Structures are given as C-alpha cells and as structure tokens.
Amino acid sequence: MITIGHRGASYGRFSIKPGQSRSLYGSRARDYSKWALIGVTMDLAEYGRRARAWLDAHPPTGDDVAAARSYMADLYDAGYSGITWPAEWGGQGLTQAEERAFAAVARDYTLPIYVFSIGLGMCGPTLVDLGTPEQKTRHIRRLLRGEDIWCQLFSEPGAGSDVAALQTRAAEDNGEWVVNGQKVWTSVAQHADYGLLLTRTDPSVPKHRGLTMLIVDMHAPGVTVRPLKDMTGRAHFNEIFFDDVRVPADCVVGQVGEGWNAAVTTLLHERLSISSGVGMSGEKDNPTSFAALSKVADTSDPVVRDQLVELYIRSRALALFNQRLAQETKAGIFPGARGSAAKLLLAELTTFSADLAVDLVGPEALVEGHPLANALALSPALALGGGTNEIMRNIVGDRVLNLPPEPRVDKNVPFNELKVNS
Amino acid sequence: MNLLLSAEQQDLRAAVRSFLSNVNPRDGYDPAVYGRMNGELGLAGLVIPDEYGGAGGGISDLSVVLVETGAALLPGPFLATTLATLALLECPDKELLSGIAEGRINAALAWEDRPLVLGGMEADVLILVTGEPSLVAVEGFGREPVETIDITRGMARVSLDGATTRVLGRPSDRVHDLAMVAIAAEQLGVLRESLAAIVSYAKVRVAFGRFIGSYQGVKHKLADMHCALEQAESLVRHAAWTADAAPDELPLAAALAQAYVGRACFQAAKDSLLLHGGIGFTWEHDAHLYFKRAKSDEVLLGPPRLHRSRLAALLGLS
Amino acid sequence: MITIGHRGASYGRFSIKPGQSRSLYGSRARDYSKWALIGVTMDLAEYGRRARAWLDAHPPTGDDVAAARSYMADLYDAGYSGITWPAEWGGQGLTQAEERAFAAVARDYTLPIYVFSIGLGMCGPTLVDLGTPEQKTRHIRRLLRGEDIWCQLFSEPGAGSDVAALQTRAAEDNGEWVVNGQKVWTSVAQHADYGLLLTRTDPSVPKHRGLTMLIVDMHAPGVTVRPLKDMTGRAHFNEIFFDDVRVPADCVVGQVGEGWNAAVTTLLHERLSISSGVGMSGEKDNPTSFAALSKVADTSDPVVRDQLVELYIRSRALALFNQRLAQETKAGIFPGARGSAAKLLLAELTTFSADLAVDLVGPEALVEGHPLANALALSPALALGGGTNEIMRNIVGDRVLNLPPEPRVDKNVPFNELKVNS
Amino acid sequence: MNLLLSAEQQDLRAAVRSFLSNVNPRDGYDPAVYGRMNGELGLAGLVIPDEYGGAGGGISDLSVVLVETGAALLPGPFLATTLATLALLECPDKELLSGIAEGRINAALAWEDRPLVLGGMEADVLILVTGEPSLVAVEGFGREPVETIDITRGMARVSLDGATTRVLGRPSDRVHDLAMVAIAAEQLGVLRESLAAIVSYAKVRVAFGRFIGSYQGVKHKLADMHCALEQAESLVRHAAWTADAAPDELPLAAALAQAYVGRACFQAAKDSLLLHGGIGFTWEHDAHLYFKRAKSDEVLLGPPRLHRSRLAALLGLS
C-alpha cells in the first residue's frame, strides 16, 4: 500500500477521503491464481533495502503532471512499476513477495503518482485480462512508465448505482464507432490520454446485453472535459461530453455486446483496489482520527472521552478487520464480496468521525481552511463513490450471505422499453 | 398545552412560504429582499411589542416564520437579527427595537467569550452578553469576514477594541433559552426541507428499472426521517408554547428541543444528501447547502453534549 | 384513555407493554364523521363529576373474569360503556365531548375490563361498520355490557405481516361454512365467547380476493384454544385450532369474498386503538421509564447521566408527538397513517429503554422476578405485534410520504399458485 | 500479529462444532456431556499447562472453543469453570488445575463485591478475587440458586460464611483481562449464530409472495449484522493473540473486544429475534435464548460503559 500524495485524493468512479491509501498496482498484487508464485527466490530483505535506497535517492521533483510522468518513468526503469505484471507486456513478472516487500517500504514515502492510479488500478488490469495482444503491446508498457494517463468512463448522470442503465451511444459507421453521450465522476480525465469507455451499442436488447467497452483517445475531436465542482467547492472529478467522437474498430475491449462483462472486470479491480487500502494507513494525516481528535477535544469531560472511545472502538474494529482480510489474502483466501463490508464500514466511519469531530471542536471547525471543514464536506464521498452504502449492503446480503435476490423488473426488458432516467 | 398552529399562524406560514419561494439561498444577503420582508410581512418586528412598532407576536408565531426561513435557507442576517431581538426583549431598548422593527437596523447576538458572530458583518449593532451577566449594545466594533462552510450566510470575527458600548440591563437565562428555541425552529425547517427534497427525488429517480423510493433501503430510511420530523415538530411547538405560556417550563423545553432537533436535523440533511447519490455531492445541487447549514446550526450554541448536560442539570441528575 | 388493569397487558393481534393505555371505546371515540356532534349540550364538568362519583362508588370487586363481567355490566348500566356508540344498537349515542370528559376522569382509575378490550376496540366497531342489523342487535349491546367476550382471529403461523396469505379454509356445506385451520397470537381467546374469524373461501383467486370474515362461536365443537407460551415464559396469547367447525351462513360479516375489506376495517380500528394510547400514560408503572431509572442508576457518572438524558429526550419527543396527534384529532384532523409512525417510535423506544435499563442496573436486573427482567423479555412485543417495525416503515413510506410502492409479485396470482409458507 | 486460525485451530473448531451439534441448550447441565467433552475433547484442560495434565494450549485456542460453545448456547458451567481456570493460571494450584483438567472439578470465578456468581451452583470451588488483591480458593461456601432470564445456565447467590478459604496468591489485572477475552469469544459465537439463524430463516420464510431475505428492509439489516460479525471476529482474534503473544497489549485489546463485541452481540441477537417476526417471540423458538444469553453476557462483567471508561483510561484520555 502506498499513500498517494494528493490532498483529498480521489480516484475511480468517485472520490476517497484524504489519507486513504491504495495499492499502487491495483488488484494484480493479490491475484495469486495468475501471475504470482512463479518461483523466483531471492533475498527479500535485500530487495526491500534496495527499494528504500532508490526511493531515498529519488525524491519527487515537483507535484505537477510532468514531474509525475518523469517520476513514474524512473520508477519503471528502476523496476518498481508493475512488479507482478507479466513481463511479456512490460511488467516485471515478479511475485507477491517482491510486491509486498516494496509496498512495505513505500508506505514510508509519498509517491507523486496519483494521476496514474486509475490506469494502474483499473484500466491496465482490465486490458491485461481482456485486451488483444495488439492492445497490450500498444498500451501496457506506456501505462506502467507513466507515458499515458488513463481514466475510466462508466458513470453517467442518469446511471450511477445502476451503471448498466447508461445511455452513451456508440453506433457503427464505416468500420468505426461513433460515440455520443455524457459521462461523469471521472477522475484525472483532465490529464488523461486514454479512457476505458462503456457504451451502448444495441438498445434493442436488455440493458446488460447491449454494451460494448471501447478504448477512447481523450485527445480525439469531439471529446470535451469539463471539471465538476463538488460540495467541497473544488473539482475532484470531471464531466466528459462525447460529440460524434470516432473510435477505430480495433479499440473494442473484449467483444462487442460483451461490455458488461468487461465492466464487471474493471469494477472488480476497482473494488479490490479500494478495499486493499481501507483503513490500512494514512491515519496520521487524518484530522478526524482518534489520535488527532484526542489532542484537540476537551477530554476533561467524561462524555467527550466516551465519544472518543466510540471513535477508537470503531476505528480499531475496522482496522483489525482489514488486517484480517489482508492476512487472509496473503494466505490465499480471496476476500471477494467481504471487501464490500469493509468499504461500507469505512464509509460509515468516515461520516461518523467527521460529524463527531466538528461537534468536539465547535464552530471554529467550520471556518474555511480548517482541516475539519474540508473533512466534513468530503465525508460523504466514500459513501457515494465506488457503490453507495445501499449497493454495498445489497452486495454483502446477496454475495456474502447468499440471500434471495430482489425481484428484477429490468432484466429481460429491451433497454429502449425500460424506465430510465432522462 | 397547545401544539397546534392557529388559523392566523397558518396564514402567516403560507404568506412567508410564498414570499420565500422566490429566494435563492445562493444569492447572498439582499437588502432589497429584507426590505420587502420586513416591510410587507413585518417579520423583523414580529415579536417586538406594539409600543416599539412591532406586531407584538409570540415565540410561537416567530417559530412558524423561522421554520420557513430555515426550510428556504434564507441567506443573510435574519436569524442573527432575530436572536439579538429576542435578547433585547429581555432588556428593552426603544431605539434599537424600533429600528429593528422598521427594518432599519440589523443586529447580531454575541457572547463575550465567542469571537465568531453570526451575522457580524451585516450587523449595525452587536447585542453582547457578558459574564456579569449584562446585556450590552455595541457599535463601532471591529470585524473581519469569516467564511465558513455555510455559504448562505456569513460570520464575522469581531473585536471590541475602540467600540462604543452601552449597558442595556441584566438579562436572564431566557436569552439563551429563546435562542435555543429559535435555532431549533430553523433546524426544523432545514430538516423538513431535507426530507421533502429526497422524498421528491425518490419518486422520480430510477435505478434498476424502479423508482428508488420503492426500495425499502430508501423507503425505510425516509420513514425514519419522517418519524424524526414529527417528533422535532412537536418539540419545537412545545418549546415555543412554553416560551409564550409557561415560562417556568421553558428552560427544559428549550434544551430538549435543541438537543433533539439539532441532531435530527443534521442526520436528516446527511441522509438526504447521501440518498441523492452522486448528484447530492455536486456543488450545483442544494443538498450540501442543507447539510452545511444543519451542521453550522447544530454547533452554533455549542456542541450537542452541552445541551444534554444542561438537560441533565435541569432534570436534577447528579 | 383508560389504563387497563392487567400487568403486561396484551391485546389485538399481539401484545403491548405494561402500562400502555388504550381507548376504552376504540376508535369510535375519534370518528367525528359518523356519530358524534349530535348536538347534545350539557354541563361537561358536571358529567365528569358524576362519572368520578360513580367510579369512586364502584371499586372493582375482583380481578377474575366474572368480576370483570359484573363490573362491565354496572359500567354499562351507569351509561359509561359505548358513550359515543349508536343508541340504536345499545350505545349511549353521546358525543366526543362526553367521551373525553369520561376518559379524563377514568385515567385516574384502573378499570378491570381488559378482557373486553378486543371486543370494544376492534370487533364491536367492525360490526357497527359492516354487520347486518340482526348481527348488531344480537351482539353489540351484549358486548358493551360485558356479557360476551370477543377475540380476533386473523394471524396464522404462516401469515403474520402478510395477513392475506392466511390458509384457514371455510368451505360451504349445506348452507353452512365448515372451517379448518389454525390461528395464532390471539389475546383473551381462552375467555372468549365469540371471535371475528378471517377465512379463505376461494383459493382460486388472488389472495386478497378469496377471503371472508365470519363471526365464530368460540364454544362451538371443533374449536380448541391452546395457550401459547412466549419468551417471557408466560402465555399472553393463544393458538386456536379449527377442526370442521360449522358456522351458520348468517354469520358472514360483510360479503362473501370481501373479507379483506372487512379485515382492513378491523385493523384500522386496532391501529387507532393502539396509537391513541401510545405514550400517553401508564409511565408511572414502567420500570424502564426515565423517572424509574433515574432513581436506581448511578447518576454520579456523567456518562450515565448522558444515557438517561437520551432516554428522556426520546421519551419526551414521542410523548409530545402523541399529544400533538391527540390535539389534532380533537381538532378534527385525522392522524391516519401517521399513527404508524408513533407506533414505530414506541416500539423502538421500548426496546431501547429495556436494553438501557439492564445496562444501568447490571446483572441483578436479569434475576427472575426483577421488574426489568420481565420488561426486557417483553420488550420485543410491541415491535412485532400490530405490524412489525418493517411494516410500519412501509406504511409511513407508502401512505404518509406517498413513495412509490414495492413491486408486488403476489397481486394477481391465484392464491393456490402463490409461494406461501407451509 | 496473527488474526487467522491455524490448521490445528480449524480442526479443533470442527471437532467442537461437531460435538456440540447434538447439544440442546434447553437440556440444562448434563455431567455426562461434560464428561465426554472434557474427556474426548479435553476442553476443560485446553489452556492448562502440561505439568498439570492439561493440553497447554493458548488463549487463541480457547477462544476458538468458546466461540463454538457460545454459538451452541452450551448449557452448564463451562464458561464459569473456564473463567476460574484462567484466574488459576495466574496463581497456579496443582490440585485445582489437575482436577479441572481431568474434569473432576467444576469451578467458578467470583469477585468479592458481587454476590451473583455464574456457575455458582455447580462449582466445587470458588476462585475468589478479593480487593487486596488476592486470589482465594473457597470451598464449603453457602449458595442458593438464582434463576435469571438465561435459562441455559444458572447463577448462585453465594455467601462465604463458614467457608474454607485458601489464599492462592496475588493475581494481576490479567485475570480480568482474560475474562473479558473469554466472554467476548462466547459473545462472538452468540452473535454468529444469531445472524446465521435469521439468514437461514430469511431464505425460506415468505411474505407477500417473496422470501423475506429479498426485501432490503431485511437484507440491509443482515448486511450490517455481517459487518459487525466481521469486526467482532477480528477483535476477538486480536485480543486472544495479544493474550498469547503480546501481553502488554492485552489490557487495551481485551477492553476493546469486550466493549465492541458485547454491544454487537446483543444488537445482533435482538435484531435476529425481531426479524423472525412473531415466531421469534415464542418460547419454543431459540431466538429468545440467544437474546437473553447476549444480554446476560453483556453485563456479566459490568455494563458496557465500564469497559469504555477502562478504555478511556488505558488510552490516556483524561
């Protein structure tokens, strides 16, 4: 896990709280069944020492995108980007062991590689899983070297929780796809070179069956990126408008009409990428943490102490749950949908602690510039992004507890006969 | 005890609601709007006795108005002037009260140990509660604007250096109690509108082919919010009634209202925002304005635990 | 409102907490549109004084059923039973004003009339609404005089929240109905002379359409009443078994096949009867009340004080809500489904306060015989009876907030093709 | 830190679970069952060192067992003897420990100022924590049975008049900490089974033509219960691990586990009962047994607020 150097970091389809960490290499780091355990034996302690030496010797030179690209290229050239990714496409082809050794060291540093997080965590892994050899050759190495920045284009104003209700159309024309529509909640789109775009290519079949995933060149004519101001007063995300954007036929990821399966792959990587970071680190910069609030609250009041204890209990309960998931993962037990429980708990802890923090500090906490003012305004983000709390509860109920499904009214109805948002 | 609105109060509510329907919380303080509000509707003078040019209404009347100004997130110093007015009723000052009733004077209520003052930038006069306790009218005070998360109305950091002060009298705890009731009334409005907004949205927003309000995950939360609203409304009516008709019961009723309604209001504003999904997180949507007003109001007189410990004391627990 | 003299009182389809009060005359007391406001003018204060004198002069003579019958007869003969019920059928035909004047006085007494509560609150009002003139003549006066005890027979083991899924069959045979099946959660059935019985007379139509309500003689051959031991260790309710019980044709309430409408009428009266009593009185005997716990808890601990304050806040919030509903009702504003909000809040307050009470008192509270041990074991009752908390939330959502309905899978399917509990 | 079960612990869990699958919580204390449990499975001696005839297992092993005995609502004095054993480990007594390991002796842990003793009727010996603090073995004490809402196991009101006492040593706080961990492990089992019961029921019970588990009103509550279970399980594993491997961290971990798991367990048992609907309120159904065990366990060492104030102290808040 590496803490990304970006205040109020956001990624994926939505934002996360500051101090949140995530795996630099997305879910690859935990995918034992595919690339790992190749049998490389080496001195891990030595590997970690060398990584530390390298990181010490290469402090970030700036926090703009150009500096990030340059840093990422150096990181790649030093062998620390894509550690477990297949060597065939530009990864290092090493094992979990090295990945973990590097992560353990890197936790002490703040790497300026935020803009690459969507590519590394979601888009890259999806291409590795589903891309054509040409697509992998074209993109993976450049992605790992920071030459290309990627974003993910799924959510729409009318399709949030219900991603498959999306309305962005891609129509065939002369062997190309012509895309029209709007996406939203897109992180790093303003810097992105490529996007993984989910489109509707057949509205006459039920909604999950008429989708196709495309690789879109974000510099193509007709692509407009507009920052989306959120309730913090800042723009952590973008809206993207597609106006007759032409996409070559060889940019389809997976099969035409199989976009939903491709999206599920991407979202699985997103969720792993989130849950792997949940509660694991970054607490030291969090103004709503128990440690931070214990310093500023009036602990002479026993009721305040009790409130702080509640925060401590919830924080530790979640942190230990995450550690257990991490230990299970290391031991080869895949967390699956249980990661959604961790994400739900973190979302609730985040709103709870921001609320409590303001109560403890009082009106001064709400003055612009106070860390808690920002923390409060950002606190709903995790409960909305990457699946709302309600969606998480559905996932836990359906996939962990195997409860009977909700009756679905939208399963077998052609999309163009379905009730959707306008 | 009376927990119902009179016919006159219902008319008042309708008039205020209609007036406020054109107010946008993002427009900031507009003296022209306040001019009409205090002129046509006479809201600034609502609780000011006839002799000072007011309407001589009661706290119950005022709370009807504050529920509506809260629901509309009326920007500007209305609540601030109201809180100052309620303090002035304890130590009446003809000049100030008539000025407020006429809409000429904006005032703000301040406590000696709290430099952040709601409405401090717009205030012509500060009504200051000192530790003595004295109620002091302060003019010519220093101030600088303080931006908070609540963009609909400002605060100021004030300084009394070089200010002109005039002692108005010795206020009772009623100043504080009435402030709690007034803020609870505003919070009730914020709660009501937070619920109304998400109820409306839940009837039109579709997910997975169904209106989201048809999912129990949403419906049951909204039902709980409605339960909170019913209780909050009852507590505010009760507190206002005690202020008018049973002053001995006011301290308990006021702390009770503030302790319950403040929490319920923020919870409702938060849940409303969350249930809106991503759109609720955008700047353009009003959900965050309610969320931020709710939190600002909740801590305005101090955090909830203070109201609760006051309740404990009033109930004789120790 | 009159507090009924029965510890751990239970009624209707389910139980309520001790100290709960209810209207002696069910929802009639609030039904302005029909019988009230007939224009009788009299000195209400004098009416109240006379009632008090009568109640003072007639202390209960025992707490068995015979004594209750005798007391009820006296009450009726004195003119205090069925105050607002139509004179035509044996009521007093007076107005709300007298009813309220009597209720205000009676609140100071504990009337031993618990066994009549189902009849007075639910069965009687249903008969007045839907019964034939013969049925009213036969039953109403006897019911008001305490000559007959009534129970209500709707719920079944497989049909709780979903009453209309009931499986008790009534088949026509020689101009009579032959009933087979089982009912449960029936209060006072062990004393009952009559029951309002909901049966399925046509399983080939959708479930709400094949029901019929019958008046059943509880002394008829084939009726077996068995006490149902609940989690308190006592039997507040009964199970009733019907084994080829024959019911004459003139005992149908309303129309054949219209039983659901009749049941809705009954349940409406039940709900009104409950909500009218909610939180209004009886707190003095409640061991989980703020007043009671303030005396026994360690209030030197500020955290305990804060917990008690929470209890106080919730109790007062609900009590004031109920008072507002009562004032609105007096003013002619019918509470409708908002009463379900009050019932839900009371159910939650009841479980909350019992839980808290035990925490405050400690292990001694759980010793058999301690009032809190019983209160804790009884605390779930209100959240289950008269509609679960989930049903209450549905009602508030659907009927108060007018939210869109859940899609119904059971609306148009013939009952015998429907998924039901076995 | 290790939060996972070893292969041996998984085998132990399977063995205990299998053994307990035939135990009915309503059957009361059955010495024959205990004989087999302590014989075949050696559970009474699990954490007793080899030298006293035990298996020399750790608290992590014990907690695996207690989760299962909790889930099965094992009747009788198993927890009581376990708590006494944990205390004896602090001031070892060969005779008592070997007797317990062999299954010959039932013991119960008692505190000087608390006359209600879990397992007091079945106990051959009381292990008493006095204020000195001393750990004292007490025999020949007076006792009378106390029925509580938890019918699966009894308490006694004990009196020390005329009892034989023998001071075993000076115990540390670890006695209390280990008791907290042991009870938290049992609570975890009660929580797990409460959830499992309602999950099963929600898959077969039909209302309005659908399985009740398909309603979000039910599903989301069960999801929240699952979240609580995951956290509770993590906290219990962690506390047990500290007892075995990081004793300095035990006090905090134990208070943390008890504070969280006790609450979560009762909430789960209550929600499980409520979501069962009417059937959950019947005597015949087991839901109330879990509900009552959960509440009994929660206050056994004192109400939750005590664990929380202990946490506050351990965290240096003041």
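Note that the chains take the letters A, B, C and D in the order they are written out, and that residue 1 is the start of every chain.
Throughout what follows, contacts are C-beta pairs under 8 Å (C-beta built on N, C-alpha and C of every residue); 3 or more make two chains touch, one makes a residue touch a chain.
Nothing here was measured: the structure is a model prediction, and the numbers come from that model.
Visitor: Considering only mean CA positions as chain centres, point out the chain farthest from chain D.
Guide: B
Visitor: Using the average of all C-alpha atoms in each chain as its centre, how far is it in Å between chain B and chain D?
Guide: 50
Visitor: I'd like to verify one number: the distance from the centre of chain A to the centre of chain D, where each centre is the average of its C-alpha atoms, in whole angstrom.
Guide: Comparing mean C-alpha positions, chain D is 41 Å from chain A.
Visitor: In chain C, what residues contact two or more other chains?
Guide: 301-303, 306, 390, 393-394, 406-407, 409
Visitor: Find every residue in chain D that makes contact with two or more other chains and list them.
Guide: In chain D, residues 210, 215-220, 305, 308-309 touch at least two other chains, as defined above.
Visitor: Once you draw an edge for every pair of touching chains, what topology comes out, line, ring, star, complete or other?
Guide: Chain contacts: complete, every pair touches.
Visitor: Which of the residues in chain C end up touching chain B in this complex?
Guide: Interface residues on the chain C side: 294, 299-300, 302, 305-306, 308-310, 312-313, 316-318, 320-321, 323-324, 327-328, 331, 338, 341-342, 344-345, 390, 392-394, 396-398, 400-407.
Visitor: Name, in rising order, each residue of chain A that touches chain C in their complex.
Guide: Those in contact with chain C are residues 301-303, 306, 407, 409.
Visitor: Show which residues of chain B lie in contact with chain D when the two form their complex.
Guide: Going through chain B, the ones touching chain D are 215-217, 220.
Visitor: Taking the complex as given, what residues does chain A use to touch chain B?
Guide: Against chain B, the touching part of chain A is residues 14, 155, 157-158, 160-162, 165, 184-185, 228-231, 233, 301, 303-304, 307, 351, 355, 358-360, 362-368, 373, 376-377, 380-381, 383-385, 388-390, 393-394, 406, 408-410, 413, 418-421.
Visitor: If we count contacts the way the header does, which residues on chain D are in touch with chain A in the complex?
Guide: Interface residues on the chain D side: 1-4, 199, 202-203, 210-211, 213-216, 218-220, 222-224, 226-227, 230-235, 237-238, 256, 259-260, 305, 308-309, 311-312, 315, 317-318.
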